[in-house]
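This report refers to the structure that appears directly beneath it.
Chain naming follows the written order as A, B, C, D, E, F, G and H, and within any one chain the residues start at number 1.
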Amino acid sequence: MTEFRMDWARGGRTGASEAVLCEPKTATQVDAIVAHAIELGARLLLTRLGALKFRRLSAQARAALDYDPVTRTAILGTLTPAPGTGRVAIVCGGTSDLAVAREAERTLRFEGEAATLIADVGVAGLWRLTEQLEEIRRHRVVIAVAGMEGAIFSVLAGLVPCAVIAVPTSIGYGVAAGGKAALHAALASCASGLSVVNIDNGFGAAHVALRILGTATPAPTTILPH
Amino acid sequence: MTEFRMDWARGGRTGASEAVLCEPKTATQVDAIVAHAIELGARLLLTRLGALKFRRLSAQARAALDYDPVTRTAILGTLTPAPGTGRVAIVCGGTSDLAVAREAERTLRFEGEAATLIADVGVAGLWRLTEQLEEIRRHRVVIAVAGMEGAIFSVLAGLVPCAVIAVPTSIGYGVAAGGKAALHAALASCASGLSVVNIDNGFGAAHVALRILGTATPAPTTILPH
Amino acid sequence: MTEFRMDWARGGRTGASEAVLCEPKTATQVDAIVAHAIELGARLLLTRLGALKFRRLSAQARAALDYDPVTRTAILGTLTPAPGTGRVAIVCGGTSDLAVAREAERTLRFEGEAATLIADVGVAGLWRLTEQLEEIRRHRVVIAVAGMEGAIFSVLAGLVPCAVIAVPTSIGYGVAAGGKAALHAALASCASGLSVVNIDNGFGAAHVALRILGTATPAPTTILPH
Amino acid sequence: MTEFRMDWARGGRTGASEAVLCEPKTATQVDAIVAHAIELGARLLLTRLGALKFRRLSAQARAALDYDPVTRTAILGTLTPAPGTGRVAIVCGGTSDLAVAREAERTLRFEGEAATLIADVGVAGLWRLTEQLEEIRRHRVVIAVAGMEGAIFSVLAGLVPCAVIAVPTSIGYGVAAGGKAALHAALASCASGLSVVNIDNGFGAAHVALRILGTATPAPTTILPH
Amino acid sequence: MTEFRMDWARGGRTGASEAVLCEPKTATQVDAIVAHAIELGARLLLTRLGALKFRRLSAQARAALDYDPVTRTAILGTLTPAPGTGRVAIVCGGTSDLAVAREAERTLRFEGEAATLIADVGVAGLWRLTEQLEEIRRHRVVIAVAGMEGAIFSVLAGLVPCAVIAVPTSIGYGVAAGGKAALHAALASCASGLSVVNIDNGFGAAHVALRILGTATPAPTTILPH
Amino acid sequence: MTEFRMDWARGGRTGASEAVLCEPKTATQVDAIVAHAIELGARLLLTRLGALKFRRLSAQARAALDYDPVTRTAILGTLTPAPGTGRVAIVCGGTSDLAVAREAERTLRFEGEAATLIADVGVAGLWRLTEQLEEIRRHRVVIAVAGMEGAIFSVLAGLVPCAVIAVPTSIGYGVAAGGKAALHAALASCASGLSVVNIDNGFGAAHVALRILGTATPAPTTILPH
Amino acid sequence: MTEFRMDWARGGRTGASEAVLCEPKTATQVDAIVAHAIELGARLLLTRLGALKFRRLSAQARAALDYDPVTRTAILGTLTPAPGTGRVAIVCGGTSDLAVAREAERTLRFEGEAATLIADVGVAGLWRLTEQLEEIRRHRVVIAVAGMEGAIFSVLAGLVPCAVIAVPTSIGYGVAAGGKAALHAALASCASGLSVVNIDNGFGAAHVALRILGTATPAPTTILPH
Amino acid sequence: MTEFRMDWARGGRTGASEAVLCEPKTATQVDAIVAHAIELGARLLLTRLGALKFRRLSAQARAALDYDPVTRTAILGTLTPAPGTGRVAIVCGGTSDLAVAREAERTLRFEGEAATLIADVGVAGLWRLTEQLEEIRRHRVVIAVAGMEGAIFSVLAGLVPCAVIAVPTSIGYGVAAGGKAALHAALASCASGLSVVNIDNGFGAAHVALRILGTATPAPTTILPH
């Protein structure tokens, strides 16, 4: 039986390369997927690959992958050198949100898109955000990453003209534990122009940004490419 | 059987007058309580008294009460004329939050305390808040009233030096319906100096403000005043 | 006291005109806002304005507004004639989702953007979606509107190259009542390129689409425009 | 005191053999049950028996059991050789769902029924499902196993004529964590012909399939077989 | 624009006729669908069609439909006379669950399948269930309909050899309000052989039963029948 | 088909008379049950019978029933005159909880047991409770009825030696709406000797009290009394 | 500062000895409490004392305590020899519920009351319960302990005449994880005579049973015994 | 890129020193912040800094910090000697709540404010609270810390005249697990004068108390202090 069916035609259909969510997979399954990709000469982004599971991969896989333990991402294939000026700003509510923000950044770079990362501009000290505002407004898309009460989502969306993608994070405790408070704040925002991805989903936000930038010129495709 | 036991000794114990939550009571029960208070010459604040139920009260009760249908409050006894300068600022996220904000204001005035009401300063247009900031900062206590995502709670608490009491409101739809999103935002706030009362509880916020102001000089009391 | 502070500078700051959520406001409050806008000669979009409340508005307001009871929207000012070819596709899971879809459409047209509305393409009969696929793929942005289990969000995002904005609707019963099942399906999607707005928020999805299209050329702005 | 009462009469009453959920039991309790079954010459299926707990069982138990760590199932008694053609198709949304899918497969084989396992046919790349469609439609019952947003349940139920049993899995993060999003998607499906078992309950789905196939010819039974 | 796309090919693909969930549709939309079906000479089942909305349909539609206010179902086309002996038993926990049970029964009869309805056999008086047990066991499929705590699902599944489809109902108050307690009881059942449909979904349970009976001999089909 | 199966043997089995939850039943169903009971000369307690539904009952039923609109209970058969000294104390947190408290009282009297009702002893004015304490402690069982935060459950259970049955009520708003806050307070109590029934279930609390008093001398019974 | 204040007067007030919930306390805190009790010659029941924490207690404490790792209870003072015939039956749904059931049993014995423990009588094999029925009915109080869907609570309460105390357990997975499904089933039961304690609270159920038995003859007490 | 932006101007704006929530930060991030503060000669409060993470800090940081493992707080800079008489009373429901209570106390002392800590005055033995009442009433602010059902919040607020800040804790199991039951009890309280902070947020409660005391005389400030 085939344990996995890679969607190598995804690029043609949606403009995005294949990516593998590693958290619920065994090391053996990840290894097999990487080996298959190496064989085909395909590029691959692995997400939520914990350091322990990475160490359990085969030597071949470990050698081939560019692994980053903070974001738990691994990349098969070269990262395009970041262009001079990024079109995406990634704005973090707090220092603690950086791992998710950088997952977004690595995903963008894997697809050849640079990003500007602006950290720790939470609204408790509003000047931290406002003094970065002109810089942020220069970008074509903003990814906002925040946990706890996620107030920054509304404040930002009311201050910039471009699409703001909210990534609620699981940072917080009590009623904020797990990220539901920040998620609901993003969805219930009184500011328009804001859309939301799943909690801690930096990867997903990057892909929304890529589609917004419209870099993909997908080939004509059908449902059944094979 | 006695259907109600008024806590007339509350003032001595906690500094607050008796108040009656009318929503879950029948008109007959409210009538009996009002009649009892009139008999004793006591002052009384009735909250969540809908217009329909008010109309079903006895003529005596209706004549004796100063009723306001927007806030659904009724007052037995005179309102102290508001002093020149209020010590409490009541700040509203949106026009829709005014009914709750005014419940707080009427409660404060019933206890002899003036308040400054500042409406519709939601964070989607941040200038609306910042242009009121110096005015707000002049007060000793801030009551912040907001529904939807409640981002204003954190922004305010980061900009003023006094205690901020958050009143989440049930304004909103989808994930904001019922006020839970605003409540959780207030509780999970990254800004300190913020405390929270129940959803739509303008009455409660006013009483917290009164205790903060420390106007009450309660008489020595015991658990069993009777 | 000022009951409302319109954010007429929003266009300069974010590219979007002012809009008013009417559901939690009294008819008196809506009337005052409309009168103020008429006075200023401003354009205005009113959302969630029920037919009953519309009928309680002043004759002046009713005469000035272009009201649509299905979407519960009213427009002050002329709708730009829809251009020949829309850049936004609005795709509905079921006939029942049309009211929300049309709220998105009216919002887009209010901002001068045409949309193609494609209804009842739920996945229970997959051919309904696939036979519209080439048409859908011609657009620059897709707004997907669906209730119940919201399976269409993932299917669509896997088949088109542009950004897909999911609008979960409150259509459904049992575990789907209120729209949480569809919302969670959209957020948890295995397909990338999908972002989400609040339940039934057709207005919000339209604004995300507008920002993606980048039609706004906002003037330089500050936090405090007044 | 008797710590357990095996329901050996279950086969006569419902057609199913006894099975033991091991997760909440101590190794001592599992050991006693296995010893009792060996003594009676009974066949037994153990589910949710973690590798650690298995290693703590007595040597006798370990020797007697056919243990599989991936599915965490152990079988006492021989597995009937799988017949040439299975009547049950087990379809997985993702590679990560295989452990649950194989729990279903082992349960079916324990009861003498073969199954065809078809993995990684998630809807993000719809062709993966459609290219297997003719194969899937050949079966008498379909067990669909998926986590995250569970969109595959509706898509499948709309494409095949037989009963589809949905097994939501706990695969996913954020709003999908724990499997509730997939569960609700299955229950709220716009496609008919779909019924649902508990999250991660591959064992339960297999038993529903067995009852649908109607292989059991249970003896006449009473409530009180002993 | 086409407001609805009927899936007339569904029978060929899945064996089930088209059905229309009327609750979230306007009377105008329902009218249009019925008119379209009459024109094509198609049979149609309408569910969740409240008495008020039925009265707002056109005279033509009302005349053509066989409407039942208790189950809120309407049928276009003749009901096959019920065969002598039903293969499906519909078992109700309480008298209050009858509306849902009868929705299942009408759905079955619409598809030409008889059912035996056995009411008010809740477990609080266990004899009510056990004295019907031999009768229930004679059927090929059991649909169990119950609200409140749904204990009957487990008891039944432990006593009969055939597939039991649980339909939790929204009957109950307090923690049972809305049907979640019964739903969770069905999903968490300690008895195997039980699968579950959405709360109050008698229609859905009937369709699962039909697929189990395997009466459908669907024609070869494709995803894109049109 | 039989629509209902009365459990007239319940008294022999559990000591309690039959009772009928009317809320989810149609007036026709209630009428049929009452007629059946009249025919048999049986006593019957009807609960959650709203005034509107009562008025829709047949003249015969209305004449035969002793109906109380506040508690929404109706009794067929005479109420035993209350004995001089009750063994059950029913203690209310607030005036608003009286309807539920009196449902408990009527249920007890229907079974021949008197109760002492003590109202409005909420903990916000602790003296109201403590001044009744000696009176409360004289009883054999205490039923405590309270909504909002339900603090009285713990306070009472720590002060009396007999079993305390908590009935959380749906009185309250915001996080207390529906009674979940009071329910969880009762279950999570730091005081022992407290057990809990469903929200607003005064009827259920009375039956627990009756079983505690052990008045029932049930005849030997079997599962299948018929 | 005093870290703890033992309520040694509790026996006089409520009939129950002091007990200490150890889970949230540090070993140092538990040690201090035990030392204090030893000094006073007081008896003490410790609950939720994990094996690890027990091992971290002082040698003096470990020597003085009768510790049972399965129930995680420790007793300071002698257990009264169990009388010949227990008045309390403790009935378990499954073998997995035994730890909670035995916590109840140890608590009863600590207070001098014997209990009959009847295990693994889950409703999936109803005969297991019915063959124990006459034995169970001989008792004055029944404690029912069950996880998963908790169907046994309703079945039992419908078959015995005495008070049934439901203890939902956290045994189960998916929707049953943590015990909420069983808890809600107990609260929403269609059978009367059932009351409920917190999830896994065997200790609490025992205390309700003790109060029902009314063994306590508490001395006259006041709120302020010191 | 700057990973953190300290808000050193916070004191001028709100009267509170900077504080760092360490739980979601890496040891490297905490180290960098501490080094930066040392460099600037700034005072700093670190919260939720677990013992393990503290041990992973640099030697310089560990030497400079006054670390307390129970409250998981570390202080950079000297603690002002506590003044003779505290104005804040911190009242604990149980011994288990002491860690949170002491986090509040350390936060107060870091800001130069003394507090009186009164432990284990839970309402199950009401005398424990009432015998401390006169002492508690002497303070200007009360912080009440309690888990489980949080009944003490209402009882206290009804007995003292000053503002009561409720800190629900995550102490408890079953429905109390995580602190939601205590949180909802505090918010739904029938007593006025009570406001609430997030679960386990002793730090936050201290800051509310500080603002109530109004010790801060913040300098005139602007949004953009830098």
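General observations
Methods note: contacts are C-beta pairs under 8 Å (C-beta built on N, C-alpha and C of every residue); 3 or more make two chains touch, one makes a residue touch a chain.
Quick caveat: nothing in here was measured; it's all calculated off a predicted structure.
Using the contact threshold fixed earlier, the set of chains in contact with both subunit A and subunit H is B. For the touching copies subunit E and subunit F, the fraction of interface residue numbers used by both falls below half; the interface is of the different-residue type.
The interface formed by A-H recurs in E-F: of the pairs listed in F-G, A-B or E-F, only this one shares over half of its residue-numbered contact pairs with it. Farthest from subunit A, judged by the mean position of CA atoms in each chain, is F.
Most remote chain with respect to subunit C, judged by CA-atom centres, is G.
We define each chain's centre as the mean of its Cα atoms; on that basis subunit C and subunit F are separated by 49 Å.
Distance between chain centres (mean CA atoms), subunit B to subunit G: 44 Å. Centre-to-centre, using mean CA coordinates, subunit C is 35 Å away from subunit E.
Touching two or more other chains at once are residues 10, 13, 94, 124-126, 130, 157-159, 172, 174-176, 180, 183, 187-189, 192, 198-199, 223 of subunit D. In this structure, the chains touch in the following pairs: A-B, A-C, A-D, A-H, B-C, B-F, B-H, C-D, C-E, D-E, D-G, E-F, E-G, F-G, F-H, G-H.
By the touch criterion given at the top, residues 70, 94-96, 98, 117-121, 124-128, 130-131, 147, 171-177 of subunit G touch subunit D in their complex.
Touching subunit D in their complex are the following residues of subunit C: 93-94, 122-126, 148-155, 157-159, 172, 174-176, 180-192.
Considering their complex, residues 1-5, 7, 9-10, 13, 21, 23-26, 29, 33, 48, 168, 170, 178-180, 183, 198-201, 222-226 of subunit G touch subunit H.
Touching subunit G in their complex are the following residues of subunit F: 10, 13-16, 19, 130, 133, 140, 157-165, 183, 187-188, 192-199, 203-205, 207-208, 210-212, 214, 216, 218, 221, 223.
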